[in-house]
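Each in structure tokens, the structures are laid out below.
Both complexes below contain chain A, partnered by chain B and then by chain C.
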Partner chain A sequence: MRLIEIIRKKNYYTISIVGLAKNAGKTVTLNYLIEEAKSTGLSIGITSTGRDGENLDVVTLTQKPLIFIAEGMYAATAKNALMFSDAKLEILETTGVYTPMGEVIIVRARQGGNIQIAGPVSSSDMKYVTRRLKHYGAQVVFIDGAIDRKAVSSPLITDACIIATGAVLSRDMRKVLEITAYSVECYTLKQADKNIQQVLQKQPKTCIIKNNGEVVVPDIETSITGGKKINELIDERTAYVFIKGAVTTSLLKNIGENKFLRGIKIIIEDGTKIFADIKLWNELRRKGLTVEALNAVDVIAVTLNPVSPQGYFFDSNLFKSETKKYLPGIKVIDVLSGGDFDG
Partner chain B sequence: MTEYTAKNINFDYIFNEIKTITEYGSREKKKAKPFKRGQEAGLRKEFNKIRTFIESNKRREIIDVLKHVKNISETMNRVNGNQVLDEVELFEIKNFQIQTEKLGKMLKTISISDLKITLIPQIHELLDPAHEKLNTFYIYDEYSEKLKDIRNEKKQTEKNIALLKREIKEEVEKKYDIKFNIKSEAVINKSKKEKTDNLLKEKNLRVSGENYLNFIFKIRNNKEIDLLEKRLECLKNEEEEEEFKIRQNISREIKKYSDLINNNIQIIGKIDYLIARSNFAQKTHLSEPEIVSVLEIDIKAGRNLKLEKTMREKHKKYIPIDLSLRKNVVCITGANMGGKTVSLRMIGQISALAAYGMFVPCEYARLCLFDHIFISAGDDQSIEKGLSTFGAEIVNLKKALDYSEGRCLILIDELAGGTNPKEGYAITKAVVKYLKRKNCMTVLTTHYDNVADDSDVQNLQVAGLVLPDENDLIKINNIEQISKYMDYRLIEVKYKKDIPKDAIKIAKMAGINEEIISDAENYL
Partner chain C sequence: MEGIQKVDLTKVKPYGDTLNDGMVQMSFTLPVPYGDEANEAAKQLSAKMGFEHPAVVYSKDLGIGYTFFVMYGKCTHTVDYTTIKVPKVDMEVMDMDQVENFIKGKIKRDVVVVGGCTGTDAHTVGIDAIMNMKGYNHHFGLERYKGIVALNMGSQVPNEELAAKAIEMKADAILVSQIVTQKDVHIPNLTQLVEILEAEGIRDKVVLVCGGPRISHELAQELGYDAGFTTGSYADDVATFIVEEMVRRNLV
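Moving on, here comes the complex of A and B:
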């Protein structure tokens, strides 16, 4: 099934695109999605977290494709970004949401053209803006998520996400595959079961749940420094450890030393909260660490960019087939060289 | 009214609770000045407006419109400075115009003569030349024939370019059995030498990139496409220019109506502020005061709003107070903890609110306007600054006396109460004598006997402790429980009467050593 059909079938409204690095092909993916949606007659809205669509990528000074907005499409972008666009736009609403580039304005293209997209920065503003886009008639909204701003792909805000990865991550394809698989694994952690979700709703703090249902709240300020304390509290009667907020390397290291590791389940808020070292993560998983999330993120596809702006690139067929091996069950699309012909 | 007074009578608290919706409304609120003596008629008119909004069933609808009114003052400044507005600014003016028209219609049913919105159909026409009747804005084709022509040609040119490119692409794809990607690039492996050689010779292709493995090809524009693209560039520039001219014309046109627009802005601000006061009056059960020109204050069931709220939060009842102030100097005497200071602040609060065009917290009020309002009451702030209690009140008293030539409301809590009783009494008596000749209303609380012993001075006394049995004082654990047995009513005392000995009673109830209590009674 084509990607856009999956989106429609699952009734997804907001899709965020997360790049694992700059130049991982986020914008190409976005343009690809726009093309796909257009071909099925869907009415599209686009926005981004922070500024995007600049002609030159300010970080690496590589050429960056602009986002082409066709007649009838909707966009939410900051006023200053709007003034650099050559599409002819009808102003629909001034949202009262402010960004460093000015107020976010909702527009509809009356004549197609290139546009700079710089959307809301905070999650609540993003929610509001996507709601407004829907109000004006967008049937699906694509959110171009900036690098290292995973927050907006949080499941609380978008219905699903697409991960863009590419040769830019490393010259070594194996490494690219490892990082990609790790990210996908974090995002798509199993959702914790209903009972435990209910318990944790009443307990919005890092805590330990024993197998008799007893809840122990360790006296820690943040999970970042609290690993040792959590570790001390884990015993043979511990069933779950809920970690509120960031899951860091030091925290995992501390918990990983615990001899009861195999008997417990770690529950985290969602996959975007994991900031742990990839090696440690894989090692602990092998040792039997079980991690579940309160909110699962639906990763509907991984897109590949086999070309790195540093000049090297991977054989695109090999890259694609290897990625599929690493990520069984996930749709893999080489957006650059032709999209998803083979599903 | 000084900042100190505003704070002390909790006027600042109440004023902060008046919530306007638009920036024009908050500007109007910031500008608010008290009505002075001689402006009674104007104030009555203001109250009329508030009452009209309270009674109007359109208030909700107007509020809904106000929520959509955005601040265009900055844009109007740019218009007046002959700047050319951008699309977003024009959109904002259009929206302002639409909201203003809605308000105008709603206000028709409300008969307030000086709150008339001026409809400016010319602006509407100017910003909706296509008669789309939408809230949105666009540089519509209808603005000029030239724009329309440019755009049509642009569209056609774009179409032609796309068509030509597609033709070439399909032809090349078919001819060499290759496929272009989403970026219109074809990546061909160098190992297929024969193919790449042919592709390199193809006049419709150019090499856009090369590495050790592949050639990357792109479609080369033919002359026809080149020409069309050049033309397209020209058209885009022409379009920009034409749009600029159009925006310039619209901006100039809007400037002609800027006085009318600014006038509407002011009226919207006034309406917003009036509605904010109406909402507050309704929410906190305020009533419209009657404004008189004679020096009098009558209050029935008066409340201090802030104190009432604090009490409510503690699940306690606030006891409203009636009073009727008739003479130039009024003394409030009576028991400690009998609410004298609370009553003093309440008088100030009601007078200040009325003067600022607000309804007042009581069932009924009839009062005059003052030129100034002063209060001197136990003030922790001045003490923190290093002044003693006595020092602070003397400073306040001096300020009040300086203005006493005008018609002032002077509220004094326990004048010189912190100094030795002999001098304290002397100062108080002298101040009373001085102020009773002035055209002011002075209300003071005092414990000194004989201050009120003057036919020119009105004496109100707190009714005081009411116990089930005078001889059987109940022991209490918490001093606040006194309020259960306190009758806060103010009773006019015509003849000299002993000040009630409630202080000793309270001390006894609070559980002070019996020996001290009986000793104290002996000293009396």
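Moving on, here comes the complex of A and C:
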């Protein structure tokens, strides 16, 4: 099934495109989705957590893809980015959400043209802006990510996400595959059981749940520095450890030292909360670390960019087939060549 | 006066001895042994960079097969200065007294600011210039401000420690400085802090500011910060932005 058909069938409204690095191909993916959606007659809204559609990148000074907005499409973009756009746009609303490039403004294209999109920088503002786009008539909203920022793909903000990866991550394809697989693993963690979900809805803090259902809340400001205290509270009667917020390397190190590691399940909010070093993560998984998520992220596709702006590239077919091997069950699309005809 | 050439701002090029002569001096190192062949290599490379009449005016053996060059050449390119637009933090800067009065009148409590030089960066000149009491270039730092509680965590602060400290102190603003970095490592380092703050659910509760010679307000947008300050900014600029942003976002 084509990507756009999956989005329609699952009734998704907001789709985030997150990259594993700069130049991983997020905007190329956005343009691909815009084309696909147009062919199905869907009414589309677009925005960005960073800045897209300008022709030179502010960090690497490499060429960036332009974004073409067709007549009837909606966009949410900052005032100063609007000035650089040559499409004829109708202003629908000034949102009161501010970014370094000015207030975010909701527009509809009256005549097609290139547009720069710079949307809300924080996730909660993003959520508000996507709701406004829906209010004006967008049936699906695509959010272009920025650099390697992933917070917007949290299931609390968007319905599904697409992960853009590419040769830019490393000259060594193995390494690219490893990082990509790690990210996908974090995103697609198994969702916690219904009954534990119910318990945690009443307890929105980091806590330890025992076999008999008893809930212990450690006296910590944040889990980031609370690893030691959490660790002390884990014993042979511990069933679950719920981590609210960021799951960092030092926190996992602390929990990893616990001798009851094999007997417990770690529950986190969702895959975007993991900030662990990839080596430590893999090591702890081997030691028996089990992690589940309160909210699951639906990764509807992984897109590939086999070309790095640093002047090297991978064989496109090999890169695609290797990625598929590493990510069974995930739709893999090379957006630079061919699209997703073979599913 | 007659005969004086006027500057054409639509076609700007470097000035050496006379207007529009395009003269450029630059230096670089090549991994080749010192000698005539090295000089020729440097000249050919400069020609490829688009310089006319490249000349080696100085070269020095760096040992172990490396040579350092100082080159002259004429730049053949121009830029249109009139079309350049750079987004900046758009505000009227208040001085220390004005900021203090603003806090007293509109915020009515202490403003807590936590800052540091994060990741691998050990160069604290930037964060010190903004935060330390004595400040820099006749602009006192944030520690001096009445109504501001400032904590400078120093150099090589891990993002998670900065975030944890901000949570513990219930910070109103977080300042991050990045001075010397390699291979753009400051970029993922800066985004990681944003992501941790999002994960901890406090991104909306803080004014998040980054600064450094390679930071711009435009880059801040891409990184997910509220503002970016570059070389030439003082504590007044940063303090004005923080207090005004707090009031605008209703964080008082």
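Everything below uses one rule, namely that the second predicted complex is superposed on the first by the 342 of 343 C-alpha atoms of A that agree within 3 Å, B and C clash if a C-alpha of one lies under 4 Å from a C-alpha of the other, contacts with A are read in each partner's own complex, and residues count from 1 in each chain.
The criterion applied here is as follows: contacts are C-beta pairs under 8 Å (C-beta built on N, C-alpha and C of every residue); 3 or more make two chains touch, one makes a residue touch a chain.
This is a predicted model, so every value here is computed, not measured.
K.L.:
With both structures lined up on chain A, is it a clash or a fit for chain B and chain C?
P.N.:
Overlaying the two structures gives chain B and chain C room side by side.
K.L.:
Looking at the overlay, what does A:Ala118 touch: chain B (first), chain C (second), both, or neither?
P.N.:
After superposing on A, A:Ala118 lies in contact with chain C but is clear of chain B.
K.L.:
Answer with first, second, both or neither: which of chain B and chain C does A:Tyr98 touch in the superposed model?
P.N.:
Touch partner of A:Tyr98: chain C, not chain B.
K.L.:
Go through the superposed model and pick first if A:Gly311 touches only chain B, second if only chain C, both, or neither.
P.N.:
Only chain B; A:Gly311 stays clear of chain C.
K.L.:
Pick one for A:Ser250: touches chain B only (first), chain C only (second), both, or neither.
P.N.:
So A:Ser250 only meets chain C here.
K.L.:
If we overlay the two complexes on their shared chain A, which of chain B and chain C does A:Arg110 touch? Say first, second, both or neither.
P.N.:
The answer is first: A:Arg110 touches chain B but not chain C.
K.L.:
Look at the residues of chain A and decide whether chain B or chain C touches more of them.
P.N.:
Higher number of touched chain A residues: C.
K.L.:
What is the contact status of A:Leu89 with respect to chain B (first) and chain C (second): first, second, both, or neither?
P.N.:
Touch partner of A:Leu89: chain B, not chain C.
K.L.:
Looking at A:Gly72, would you say it contacts chain B, chain C, both, or neither? Reply first, second, both or neither.
P.N.:
Once the two structures are laid over each other on A, A:Gly72 reaches no partner at all.
K.L.:
To the nearest 10 degrees, give me the chain B-chain A-chain C angle using C-alpha centres.
P.N.:
70
K.L.:
For the superposed model, what is the least distance in angstrom between any CA atom of chain B and any CA atom of chain C?
P.N.:
13
K.L.:
Do chain B and chain C land on any of the same chain A residues, and which?
P.N.:
After superposing on chain A, chain A residues 83 contact both chain B and chain C.
K.L.:
Which residues of chain A touch chain C in the complex?
P.N.:
21-22, 49-51, 58-60, 78, 80, 83-84, 98-102, 118, 121-125, 146-151, 154, 221-222, 224-225, 245-250, 269, 272-273, 275
K.L.:
Using the touch definition up top, name the residues of chain A that touch chain B in the complex.
P.N.:
28, 31-32, 35, 65, 79, 82-83, 86, 88-92, 94, 96, 103, 105, 108, 110-111, 311-313, 315-316, 335-339
K.L.:
Which chain C residues qualify as touching chain A in the complex?
P.N.:
85, 87, 89, 160-161, 163-164, 167-168, 184, 187-188, 191-192, 194-196, 198-201, 203-204, 216-228, 248-249
K.L.:
Given the complex with chain A, which residues does chain B contribute to the contact?
P.N.:
Interface residues on the chain B side: 70, 86-88, 90-92, 95, 135-139, 151, 154-155, 179, 181-183, 187, 211, 213, 236.
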